[in-house]
Amino acid sequence: MAGRYISDLGQHEHMWTHPVNFSTFDEFETGIILSEALPFIQKFRGKTIVVKYGGAAMKSEALQASVIADIVLLACVGLRIVFVHGGGPEINQWLGRLNIQPNFLNGLRVTDASTMEIVSMVLVGKVNKHLVALINKAGATAVGLSGIDGRLLIARPSPNSSQLGFVGDIASVDPTIIRPLIDNNHIPVIASVAADLNGQPYNINADTAAGELAAALGAEKLILLTDVAGILENREDPGSLVKQIDIKGVKKMIEDGKVAGGMIPKVSCCIRSLAQGVRTTSIIDGRLKHSLLLEILTDEGAGTMITG
Amino acid sequence: MAGRYISDLGQHEHMWTHPVNFSTFDEFETGIILSEALPFIQKFRGKTIVVKYGGAAMKSEALQASVIADIVLLACVGLRIVFVHGGGPEINQWLGRLNIQPNFLNGLRVTDASTMEIVSMVLVGKVNKHLVALINKAGATAVGLSGIDGRLLIARPSPNSSQLGFVGDIASVDPTIIRPLIDNNHIPVIASVAADLNGQPYNINADTAAGELAAALGAEKLILLTDVAGILENREDPGSLVKQIDIKGVKKMIEDGKVAGGMIPKVSCCIRSLAQGVRTTSIIDGRLKHSLLLEILTDEGAGTMITG
Amino acid sequence: MAGRYISDLGQHEHMWTHPVNFSTFDEFETGIILSEALPFIQKFRGKTIVVKYGGAAMKSEALQASVIADIVLLACVGLRIVFVHGGGPEINQWLGRLNIQPNFLNGLRVTDASTMEIVSMVLVGKVNKHLVALINKAGATAVGLSGIDGRLLIARPSPNSSQLGFVGDIASVDPTIIRPLIDNNHIPVIASVAADLNGQPYNINADTAAGELAAALGAEKLILLTDVAGILENREDPGSLVKQIDIKGVKKMIEDGKVAGGMIPKVSCCIRSLAQGVRTTSIIDGRLKHSLLLEILTDEGAGTMITG
Amino acid sequence: MAGRYISDLGQHEHMWTHPVNFSTFDEFETGIILSEALPFIQKFRGKTIVVKYGGAAMKSEALQASVIADIVLLACVGLRIVFVHGGGPEINQWLGRLNIQPNFLNGLRVTDASTMEIVSMVLVGKVNKHLVALINKAGATAVGLSGIDGRLLIARPSPNSSQLGFVGDIASVDPTIIRPLIDNNHIPVIASVAADLNGQPYNINADTAAGELAAALGAEKLILLTDVAGILENREDPGSLVKQIDIKGVKKMIEDGKVAGGMIPKVSCCIRSLAQGVRTTSIIDGRLKHSLLLEILTDEGAGTMITG
Amino acid sequence: MAGRYISDLGQHEHMWTHPVNFSTFDEFETGIILSEALPFIQKFRGKTIVVKYGGAAMKSEALQASVIADIVLLACVGLRIVFVHGGGPEINQWLGRLNIQPNFLNGLRVTDASTMEIVSMVLVGKVNKHLVALINKAGATAVGLSGIDGRLLIARPSPNSSQLGFVGDIASVDPTIIRPLIDNNHIPVIASVAADLNGQPYNINADTAAGELAAALGAEKLILLTDVAGILENREDPGSLVKQIDIKGVKKMIEDGKVAGGMIPKVSCCIRSLAQGVRTTSIIDGRLKHSLLLEILTDEGAGTMITG
Amino acid sequence: MAGRYISDLGQHEHMWTHPVNFSTFDEFETGIILSEALPFIQKFRGKTIVVKYGGAAMKSEALQASVIADIVLLACVGLRIVFVHGGGPEINQWLGRLNIQPNFLNGLRVTDASTMEIVSMVLVGKVNKHLVALINKAGATAVGLSGIDGRLLIARPSPNSSQLGFVGDIASVDPTIIRPLIDNNHIPVIASVAADLNGQPYNINADTAAGELAAALGAEKLILLTDVAGILENREDPGSLVKQIDIKGVKKMIEDGKVAGGMIPKVSCCIRSLAQGVRTTSIIDGRLKHSLLLEILTDEGAGTMITG
């Protein structure tokens, strides 16, 4: 006899009005057992988790599907997910299609006005809406926003903007428009673009945007999806992953040169969030399928947790 | 390195203030995968499920632990559980200890005043509080009640009470005190004892109590835990389980003699609940571990679902 | 011509859905005049009053009827009553019926596991439900609870538990489940039994339970119904009742030996409540009919009021 | 020893912030016993009672004190009192002092512009504020209003206004400003003056104003304080009081001439209120002390109750 | 073709249930342009503005019409207006009509009991209701109150009351009854009469009443309508208007004798309000049409703004 | 002396946290007088107005500034504005820059996948965010959304999509995410792009989107900004503007051929909105500066109002 509920799964009158698309989870190899996840679900229900999405997890369709499935599941069991993203490789591709020559200064891209125009169109008009549509299709309800909307983020030129163009820092955060969304179990999907007080758009570092939002929302957790395994005690030894460390410890690792390069701004972002009251922050491995679930719903985790 | 969260799991400020006791789930053999359960969690979040607990699942400690684990898990992922129980074998044991001679009429026990006194003490003062303590220990928050409290159930003598003594029917249901509990994610645990308008306690059939409560609460689902596999097309053939049937179908099975004996009052109870607006009812196999989870979170189910 | 309202008195749609049973008040000899009670009703409307019920007032049916009538009346004119009770003589009677030999150590009863089982059954399953039924019959709405329900009280072994068995202290109070009840004009009736974190039930001193609940609820008043007239200046002289005294004064009386014996723990309980913010506490004479009304609704009072 | 509470009675932080003045009740001869009043308090708690005050009860200071004491007591035990008054003899006295010659037409006073000016000043600026001050002094909180305020009553000229001047009918009622007052346990005291759409004040019959307000508020009860015992079966026989009658019965009494003269408009006012949903109406004897309490809190009553 | 909306303007179901009377604005010569007023409307929307009305603006009908039009407009665009008034010349006129001889002491009127009676009748029963009717007619909703109502203002004898009679100071302010009115976009119109705890009415200075109300309401702005241009740097030079000054500056002007005479109590009233948290206060020229609008909705203002 | 408020205008703690930029209104030639606008502000305060923005008003910067100024002003005086826009000429320009050849069928553009990608990026990522930034800069708070966000609009292929590509009809509207925004005085700015149930984006006609949103929101008014004066009685005679017409009348004009061509779908859109409960609809002249203000705040209007 055929399944009894299947035909009925589209009829949720309450809160979750759309069924999860089953195929979304076809490749869900982690197989977290419900009962094992229970204590973590209990711990995080009703808590706000800000996830910065980018890097490899954005480039691979399979990894993207896994991230989308994870946040839908987490929202479904009662967590308040805020999803912040950058642009990934699509920006370069569109700049190429429009024959806008990349202009670099000391290895950093110069974001002139016409580049900024493309950045905004791609991030807000394409990537953001694609992510919103994927989440909606998977059964949760997403609302795409940028920092411009509701003055969520006000930008100011970063100190090196005279050289690098419209690269901005965050002058202020106003999460007013986010709260009713997460209170309604909606998932805000936020493109890291913001305007200054004159309405000029700026490109904002997505890690920074996620960290400042987590602080302004009093989040339980900030999670940065990256292309590394986490913080390694010995960068040569992939088996030397530091699973948990506090601010003091990680500052020592920076002094000792063990944390270096591109990891430093990510760690700094975590430290700033912790200093503003976020309870824990994690730098996790976005190259792993379902690393978000592993980080939140298992004791093992999927990278390095930095605590205050 | 030891688990990162374990030491922290007791610190839920929000809603779930006590950690699930891990050992509760040690024997959780069903191993329902979180992602597979997701569509069902979505479907039932925020919905009220009334569970009638009794029979074998009450007699075996292992089965009891499995039922407790299941309802804690279901409450934790957002379902509103109302847990109704009868007395099980403890009543007989205490009657024996007190040398109260069982008195039977046509095979039915006569509940005289002194028997009723024991029934109430055992159901309300022992079984109920034991279940509440088990649920609390497992990490959810239970509140034990009887039909007397808040006039939840008003009893009246059943037609045959002149012969059988203080065996009552339900004259009215007032679920006022239940709603704030389930709105707060608490689990009401209800002993099937009620008083009439003069304050005289009566023993109430627990299936009936569960069914009337489900109707008064506008529940999504009524589940009766029983000592059989469900409704069988052929009572001789355990493989002939009817997984889903509607009112018309099951009435036909009664007419045809396929549903008979002790199953008839259970089916009738389901039909009355459906007629009063409960969306689905299930008669499931309480002899199976985690049959509640199987019934609610899988398409397979754990018995027979009767629909309107 | 017959009374105009009588036939109509059952039709309260609002809040008070059941008529007061007139006979309840037949023996209401105090005859407090409505207009004289008015300033006190004004003073206490909407305030929380925790009443510890026990002793003689529990043993005599007439006194019990008077206490029930009083709390129904007080709830009806707008006070928020929380009613805490111990077990009275019924526990001994049931222990006798079950041939459980009382075991005493230095004059204190040893509560072993089988004694505790009976204590819980009698307090929660019999006394509590009887009180609930009496209040309901008198026209108010009572909800019976124990300290186990909703983790209202968490117990821990008292220092002398190694000798005395399951006699517990109160480790914590969580009045979450009480507030919606008293906000709805319901009367919580609380049996002084609680479980520890492992679910093991303990017998809790009912005075202590009432005092800690009063503190946790920020009550206006804690009233202990006792078998004495109150605190006497001269224990030989029943006319030397101290009507009002402050903490400093009553501590001096203990030093001077004027307050002694079983009165000391009651006074200490009052002092602890006052120290935690309860506004006034009273030790009143439960042997007097309607002493609760006299204490709350007259300036004369019915015992000794201790203030901060 | 002196009273314990007296010095404390001024300290009600909650709702009732001012003590009842004890002397107000000195002459409270009715002596309604609190316990006897209880079922009626239960019945009417939270219900809206509109009282029309006038006649003898307004002229005698002792009767006025008794009425004020009654409504303060009724508000204190939880009824929602709306107090509507006319002008009494003060209007004539002030017209006299200002040498405004009364002008009569067929025995009815002509309310010209200068008369209307005095009517408004006396009713609103003197009688109303005096009543408000008396209620406030007695410990409740009154708010004085006229039909002009918040467009509570909109007037239109009555059919005979061309001859009688500014005598108005009620064109519409908007009780918006009354509800937050009675929800806060305040007592609205309403002078029966209203303006038309052009702002011209009119004198409104106070019985009519009370009746229309009762209807607009969905009141439980409309009580008209009058100078008669109620409706008599035989106008010659004071012992023939009709305690309760329905609309049909009272219409018959009008046809039969048993109800006649000034009683007819009062009865008609009751009938209109009943037709608009007021549950019961009473015409009571304002010459009796505490007739309001007798009517509301005893089965005996203090006049004639007309029901729908 | 005739106007499309005109016939429809009476049909506001929401909040503003009555159309503005067009003719009210006929003489609106200031012609403030909507777009110019916008930043000020933005600034003051939802803020509480207490306006003291008296003097010339009360004597001239044209000025009165202009003030009424202004407050209706201000309430309509979202400001919360509280309107406090004294008595103007009407009191003298009525004292004359009643042959009550004015009695002066050192140039100050003695308010004996019979004078106070007239003051209350005129202020509360005539002036107040006239203002309420004018505002209602102009399309907003006014509610007339005195300090007696809801114990809004409690009076105490002023130090010189033994000589001057019933002239009172303000002992306390309880704005409970004002808040629901202004939250509903109603305009409270308050006559400056209050009673002491015994119910004795007193005449209260209207500037003082307005200032204390502004403080108790946490108002954004207190505006005193006066018969002067504001504070002049040089009293001989009308062109020397001080447009803005802080407390320190205005205290210096008093010391220097530049602020003197009747201006001193008005300035003191402003200083007291500022000290209690009112953000700005203004002394404006009530002889100018629409000075209220000019003060609130233009940068120019209409007098002197004193800031903290 | 310099302006008193200017320096202070940035300090709105309440609701309007950003000052209007004064220069925005420099060219505000209509000069609507505040007092003349008052009755219309009264009429529309708190009402929802859906504005479809497009055409000439989008192409000219001066007209765009005028529209932005108008909606900021309207929101500021309390109207709930929902702003729906299409793409204007920017889409073509970007298609050109990307060398995507326009493909026409019977004069209609074929929206293939790569065209749709550009449409979405331009509408959502560029035009929408530009409008949001302009409104924010002008002092109100805008939130940019598309039909994809929160499943605001679900698309389905339009009947001719097989030929025309991703041109969609509206299958359903869910305004859940709009309500908290307009309740908070935010201005939703909505790009007319929506996804079907599979997440595929479609281009939606902006008039249709505005009309369906107005219906779903129960709007007071739908306003379509167009490039014509409104409906003309005689298309040759610009002076023959029909200021107001009902559904029956305008259907007759279609039959008579007086309404033809591109005006027919606009009129049909209005009729559908009216049929679903929108109170009035207007087709106004977007080529006029401040036509929105003229339409809403004057009796003259700025085009044709169609009523039900």
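Worth a mention:
A, B, C, D, E and F are the chain letters, set down in written order, and residue numbers restart from 1 in every chain.
Simple rule for what comes next: contacts are C-beta pairs under 8 Å (C-beta built on N, C-alpha and C of every residue); 3 or more make two chains touch, one makes a residue touch a chain.
As the structure is a computational prediction, the values presented were derived from the model and not from experiment.
Common neighbours of chain A and chain C, by the contact definition above: B.
Comparing the centres of all chains, each the average of its CA atoms, the largest separation from chain C belongs to F. More than half of the contact pairs of D-E, counted by residue number, reappear in one of A-B, B-C or C-D; that pair is B-C. Centroids built from CA atoms put chain E at 55 Å from chain C.
Here the spacing of chain B and chain E, counted between their Cα centres, is 67 Å. The distance from the centre of chain E to the centre of chain F, each centre being the mean of the chain's C-alpha atoms, comes to 43 Å.
Shown for chain F are the residues in touch with two or more other chains, of which there are none. The cyclic arrangement of chains, read from chain A in the direction of chain B, is A, B, C, D, E, F. On the chain E side of its complex with chain D, the touching residues are 17-18, 97-98, 117, 120-126, 128-129, 132-134, 136-137, 141-146, 148-151, 176-177, 180-181, 184, 186, 193, 195, 197-201. The residues of chain B lying in touch with chain A in their complex are 1, 3-6, 8-9, 12, 14-16, 19-20, 22, 25, 28, 31-43, 45-47, 69, 72-73, 76-78, 139, 243-244, 293, 297, 299-301, 305.
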